[in-house]
Every structure is written in C-alpha cells, then in structure tokens.
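Each of the next two complexes has chain A plus one more chain, namely chain B in the first and chain C in the second.
Then we have the complex of A and B:
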C-alpha cells in the first residue's frame, strides 16, 4: 500500500487547559480530497493549525508522506510541502497582490509561479498592484489559494474556502479545487457547506467534540441522512437540493 | 529673523537624528511587538564607540567612525536578539524589564569606561564652517545631518517597499503566524531587522556627536523622544517615523528655546492628543 500524503495518528492539542483535539486520526490519500466536516467549534481549524505547526500537537504523530512533522515549526512544515489556505483567508493586507505571492515563492523548477497563478486566477493579474486588504472576499480567497500554491506544496490544507462567498465565486473555488486534485494535489478540505464538500471530496471524515466520529465514502454520507443531522446540525435534505 | 532660521535648522537636524533613532525602534516594535528600551542606550553606545575610535586612532573621520560604530552596535544588537531576547518571545513584561536592565548596564558601563564628562565628537573640517545663504548663516554640519537622515529614510523606504525582503518584513508585521506558515523565515528576519535597527541607532549616535556630544544620560534623554515619535507616527511605519521625528524635533527645539519650563508639556501634549484621537498613530495600522 502506498503511503498516504498526510496522516494524523491519535493527535491531541490544547489551548491552555482546554483539550480541543482528543485523539484525531485521519489520512489524506495521494491525489485525493478528504472532506473534514463538523459543527462550529468541534476543532476543525485546530486540526488544520496543528498540521501546519501553528498549534503544537501534545500527543500523537503527524506524517507528511513518511516524514514525521508534528514537532517541526510552521516555517519548516511549509517548506516540507504543506500549503495552508487558512480560515478567514488571512492575506497580508498591506502587501500588494503580487507581493503576497512573491513572499511565498519557493521551489527550483516550480509548477506554480506568479505567472501560472495568474493564469489560474486572471482576476488577480488585473489587480496585481492593488493592496490585498482592498480586495473583495472572493479575490482574497483566490489570493490565499494562490499564495499557498506558490510554496509548491504536495498537500494543501483548505479551511472553509467557501465561507462568506457568493454562489458564483463558490462555484469557481470548487472548480479550482477539482482542477488541483486532477493535477495530483492531495487536499484536506474543511467545509461547512456540506453540498460543496460532498461534491468535491473523495472521502469524508466527520468530527465531533475533538474526535473523529465518522469516516467513509461520500455515498455513505449521502445514504445516512441522520448522520448529517446528528453531527452537522442541519436537517437532512437531499444533497441535490 | 536669524533666530528663527537657526532654530528651524536646529530643529530639522534634531529631527534627522531622532529619525535615525526611532526608525529602527519603530521597525523592531512593529515586527517583533517588542518595545526595545535598549534602543536609546544603543544610540549612546554608538556615540561613545565613535568618540573612542576618533580619539584612539587620530585621523579617523566622523564618517568612518559612524560606519564602524554602526557595524559594532549591529553585532551587539544581533547577539542580544538572538541569544537573550528570543528566549522571552511572547513575554512582554519580561522583555520590557530585560531591555530596560540592559540599557542600565550599558549606561553604567559607558560611565565606568568613559567617565562622566561629555565627549564632543569633532565635526568634519569641511563641514565645520558655516554656510551663508540668502543672507543667513547655516551651520553646514546640521544641513549634512538632514541630508543623511533623508537618505536613510529613502534607503529604508526602498528596502521595505520595493524589495522582496521588505515585503517579507511587512508580511511579518501584518500577520506573523501566517508569515511563518507560508515559509517566510521569520526568525532570521527578526535578527536581521534587529541588526539593522541597531546599526542605524549606533551610526546615528556618532552623527549626533558633534551636536549633542557623547555624555552620560544621552540614552535617557533620547529614548522617551523615540517613544513619542513612534506613538505619533504609528508603530512599524517608516513614513510615520520620518514625519513624527521632524514634528517632535521641531516641537522640542522650539519648546526649549521659547518656553524652556514647559518643554515637556508641549512635547507630551500632542502625544496624548494622538493617543486619544488616533490610537494607531498618524500612519500606523496597529494599536500600541
């Protein structure tokens, strides 16, 4: 069996005394999208931040391919090949669009350069001299994705990329994710938009109170409406709606 | 009339010196969230090192002394950041106490080594003579200080606004955790910025020598002014430090000349107004 792109094994994390991740285990297979779902506050962002090294794991292990990374700093983790598209986008507001991309540039013969990111998101090229703080939410999301790609990662962590965006822009972000996946990128995707997650993901993990309570295929989720109702807090609807 | 012209030039020269002190202080504050209370002492240390060099090696020009002193103080600052301050990351109170303590050690050390008498640094000979322009007398050295401060400001502006390294520094000021997460070597940049700020302060101390002399207490006289400049101009903003330095330079110089008893009132009043009305300073984005 080939190693998964990213593996979390019994990961624990705390904020002060509050035990937020209570033994999370999941795996993102090579070239696939793992959708991580769960209600507000269950620890999805903490899970992503722990992988990115912004929150220290206090137990368990995290592997990028077969390299253990949970003890590394976030600079090193980024250089090891993890790209982060954080919740709330967090572009650098006082840098221009182009500077946001250039500070994250890395790699000798990279797939992703400022030029190829501009090809992916032509809108960013038009605004390349504009301060990122003045971009619209959708443009900031594209910039956050582009910035993560500039590090030429093997695994992309995306934390609610559809949050607060208009439907047309969500569709565009969705197409981008599919395109990246088709190019072989492995993606850990946190989403509150369940329809979008089911559409994009190959695999679903559901978290509740700091633990993974479900792991399975997209069809398993679709065929168990009560699962969605219990853990995701929305009335079970046909996903097509 | 000559009084006003002379005081204006004095205030500009003093503003220029303040900029050399406060630009580094502001950068360090903005990037590392660290009020480096050693900064005034680094300025004084620079002045003393310059005075020592010019005395020990006759023929050393003020410029050579400023360069050498800038390098020496940069090394000192870099070591301080790398091996001492870094251990206190995130501990604001600890940093304040530590930087203040080191400032006291530096000033006592200087007192011990150089004694209590002010040591004037000699003005380069070609700038020692006054310049006559439009019927007024201008001390040439003060003009040179203004020019140097403007050059330093331009250099810093280009570094910060036009280079990738500068963009990385600004990214760290904007969102340090995120900067690390996109792979920017924030720790190395911290050390670099600390060295840069220290170098400018050290060289600035030497350039201040012909005007202020190196004397015990120079650090304590200058540090509060740098604090006011940064609060006025906005933390982490070079433009803010530049504008703030010349505003404070003018208020201080004219305040002392016209209302010596109220100089500090006049000085702190605008700061209180700014904190009340624009807590981020004139050009800043971050609350102090």
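Then we have the complex of A and C:
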C-alpha cells in the first residue's frame, strides 16, 4: 500500500491547559483532497496549525510521507514540503504582490515560480506591483494560495479558503483546488462551506470536540443527513411542508 | 518619477557644492549630520525593517571608535588596518549581542540591548588602563587615503559624503533585495514567515549584525571627525538620539532616518546656542511630530502631497 501524503496518528494539542486536540487521527492520501469539517471551535484550525508546527503536538505522531515531523519547527516543516494557506489570508500588507510571492520562493528547479503562479491567477499579474493590503478579499486569497505554492509543497493545508468571498470567487478558488489536485497535489481542506467541501473533497473527516467522529467518502456523508445535522449544525434535508 | 529624479539631482549637487560656498561652521555641521544619518540609517534596518527597537545601538558606534583610536594611538597601527580591525570587532560584537538580545522580543529585546550597551559604556568608563577612562582617548590624526589629506573640514566632509552615499545605497539595495523583503515579512508576521520556511531568528540576527556593521562605519567617521573619543558617546543618550532620528523621520523608509537625523543634529547645534536646556526643545519638537505625523515626517509629507494631488 502506498504511503499517505500526510498522516496524523492520535495527535493531542493544547492551548495552555485547554486540551483542544484529543487524539486526532486522519490521513490525506497522495494526490487527493481530504475535507476536514466541523462546527466552529472543534479544533480544525488547531489541527492545521499543529501540522504546520505553529502549535506543538504534545502527544501522537504526524508523518509527511515517511518522515515524522511533529517535533520539528515550523520553518523545517515548511521546507519538508508542507504549504499553508492560512485562515483570513494573512498576506503581508506592506509588501507588493510580487514581493509576497518572492518571499516564499524555494527550490532549485521549482514547479511553481512567480510566472507559473501568475499563469494560474492572471489577476495577480495585473496587480503585481500593488501593495497586498490594497487587494480585494478574493485577490488576497489567490495571493495566499500562490504564496503557499511558491514553497513548492507536496501537501497543501487550506484553512477556510472560501471564507468571506463572493460566490464567483469561491467558484474560482474551487476550480483552482481541483486543478491542483489533478496535478497531483495532496490537500487538507478545512471548510465551513459544506457544499463546497463535498464538491471538492475525495474523503471527509468530521471533527467534534477535538476528536474525529466520522471518516469516510463524500457519498457516505451525503447519504447520512443526520450526520451533517448533528455535527455540522446545518439542515441537510429540506423542511417538509 | 521625473520630479523625484530632479529633486535627487538638485540635492546631490547642493551637497557636493556646499563645502565650496559655506563656512567651516556649516561644513562641520553638515559632516555631523552625515555621520548621524549613517548611524540612524543603520538603526533603521533594525527598527524600521526588522521591527526590533533597540536602545543600545550606540555601543557599536562607540566600540568601533574606541578600537580605531586605541589601535592607532596606543599600538601605532596604520589607519587602514585600524579601520578593518574596528569594523571586524564591531561586527563580531553585534553578532554576540544579537545572539543574546534576540532571545527576547518587544520590550525584553529593548531592555537587553540597553543593558548590553550599558556594559560597554561601563567598561569604557572604568577600564582606565585600556580606554583612559573619563579622559577619553586623544591624539588621533585623520588618515590620508591615496595621499589625499582629510585634515580640512571640506575634505573630510566630502569623504564623509562619499561614505554616506555608499552606506545609503548599500542599505537601499539590501532592503529591496529578497533578504530585505523577508526581513520585512518577519517584522509584519513572524509566525507566517516561519510557516513559509524562513528561519526568523536567523533573518533577524543577520539584520542585527548588518546594522551593527554600519553603526561601526558611523563610529569610524565620528572618531576621525572628532579626533577624540569619550565614554559618553557610548551612552544611552546617543542611542536615544539615533532612535529619535529614525522615528521622527519615519522608520521603515529610506529617507526617514536622513531627515530625522538631520533634524536632531541641526536642532541640537542651533538650539544649544540659544537655549541652555535644548533637550526640552528637542522633546517638544518630537512630541509635535508624533501628534501631527505619527508615522514620521517622510510618510507624513508623502501623505500630504498625495492628498494635494488628488
């Protein structure tokens, strides 16, 4: 059996004394999208931050391919091949679009360069000399994705990439995620937009109170409306009249 | 863009012509301004581009000055060797101080830099056998690079202008380079930079060393200008004046420290002629700048010009 691109095995993480991740186990298969769903505050972002090394795991193990990474610093984890598209974009507002991309450049013969990112998002090329703080939310999201790609990762962590965006831009972000997946990128996608997540993901993991309560295919989720209602807080069925 | 080029050309020509039209007092004042510009520009690498406020930057200026004066006067080394030793020693000191100070950030960093600088100041005062203590080191003569005498105020001014030009150009290239961009990234979002694969500590440490090196260059200019070095140069007041120049002019801009340092030196020299407590005036001007232009003079004027053009 091929090794998964990213594996979390019984991972525990804390904020101070607060036990946020209580034994999370999940796997992102090579070249596939794993959708990580759950209500606000269940630990999805903490899970991503722990993989990226920004929150230290106090128990369990995290593997990038065959390499164990949970004890490494976030810069080493990034260099090992993890790219992060953070929640709220977090671009560098005082740097230009081009500088935001060049600051993340890595690799001798990289797949992703400033030029290939501009080909993926032509709008960024038009705005390349503009300060990132002046971009629209959608453009900032494209820049955040482009910036993560500039590190030439093998696994991309995406935290709520559709948050606060207009439907047309969400569709564009969705097409980008599909394209990246088709090119072989393994993606861990945290999303509040259930419809988008079910559209893009190959597998779904649902979290509740710091634990994984469901793991399965997209169709399994669709066929269990109660699961969505219980753990995601949205009505999966249309109300009966 | 054309107007900017024109302003730069006019400023440059004025600076070159100055020693041929002005008296010695004004030439010396301009030299002091240039030295303060190099010092503030070096501090701006830390404060403006790395987001690390230091209150101990005078340690590097004074250390370079003491090594230069000490090796030349006491050991009789040639000026070039003394200058190289001074810069190498100062860079090494910056590497050591940086490694210690960068264990903290924010207020902690500020206080550690202050404490380390006070150690150097204390040594300069108390280690009389080495530094001549409160009497300072005297007897230094200006060098004669390529056979050119720098003894006259005009010649020394032009040499200082050349070195200031080189310093500002190199710093401008540095902050515009990939390294400079990553430095600004660590200032704005250090955690994000780490997540992008940057060693934030290393980026900051390198900035600390580079800033220390250029403060050392300012120290060499200072000691050759004064031909004398006293422990007070290493004091917190010198560091604070440099910081004042950076903040008043506009930190994180290339022109900011130039304008700020010039303002501090000119105010200090002019105000002290008329007012005994010139520090009060300097403080009042600083408060006024902060009230009217919180980002500093250069960003404030830019904003005013942009509003006018709209």
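Here is the rule we go by: the second predicted complex is superposed on the first by the 236 of 241 C-alpha atoms of A that agree within 3 Å, B and C clash if a C-alpha of one lies under 4 Å from a C-alpha of the other, contacts with A are read in each partner's own complex, and residues count from 1 in each chain.
Going forward, a residue touches a chain if its C-beta (ideal position, glycine included) is under 8 Å from a C-beta of that chain, and two chains touch if they have at least 3 such contacts.
These figures come from a predicted structure and were not determined experimentally.
Asker: Aligned on chain A, chain B and chain C: do they clash or fit?
Answerer: These partners clash in the superposed model.
Asker: When the two structures are overlaid on chain A, which partner does A:103 contact: first (chain B), second (chain C), both, or neither?
Answerer: Touch partners of A:103: chain B and chain C.
Asker: Go through the superposed model and pick first if A:217 touches only chain B, second if only chain C, both, or neither.
Answerer: In the superposition, A:217 touches no partner, neither chain B nor chain C.
Asker: Is A:86 contacted by the first partner chain B, the second partner chain C, both or neither?
Answerer: both
Asker: Applying the document's definition of touch, where does A:41 land relative to chain B and chain C: first, second, both, or neither?
Answerer: Neither partner.
Asker: Do any residues of chain A touch both chain B and chain C, and if so, which are they?
Answerer: In the superposed arrangement, which is not itself an observed complex, chain A uses residues 52-54, 73-75, 78-79, 84, 86, 90, 92-95, 99, 102-106, 147, 151 for both chain B and chain C.
Asker: Enumerate the contact residues on chain A facing chain C in the complex.
Answerer: These residues of chain A touch chain C: 52-54, 73-75, 78-79, 84, 86, 90, 92-95, 99, 102-106, 147, 151.
Asker: If we count contacts the way the header does, which residues on chain A are in touch with chain B in the complex?
Answerer: Within the complex, chain A touches chain B at residues 52-54, 73-75, 77-79, 84, 86, 90, 92-95, 99-100, 102-106, 147-148, 150-151.
Asker: Would you tell me which residues of chain B are touching chain A in their complex?
Answerer: Going by the criterion above, the answer is residues 164, 167-168, 170-171, 173-175, 177-187, 285.
Asker: Once bound in the complex, which stretches of chain C touch chain A?
Answerer: 178, 181-182, 184-185, 188-189, 191-200, 252
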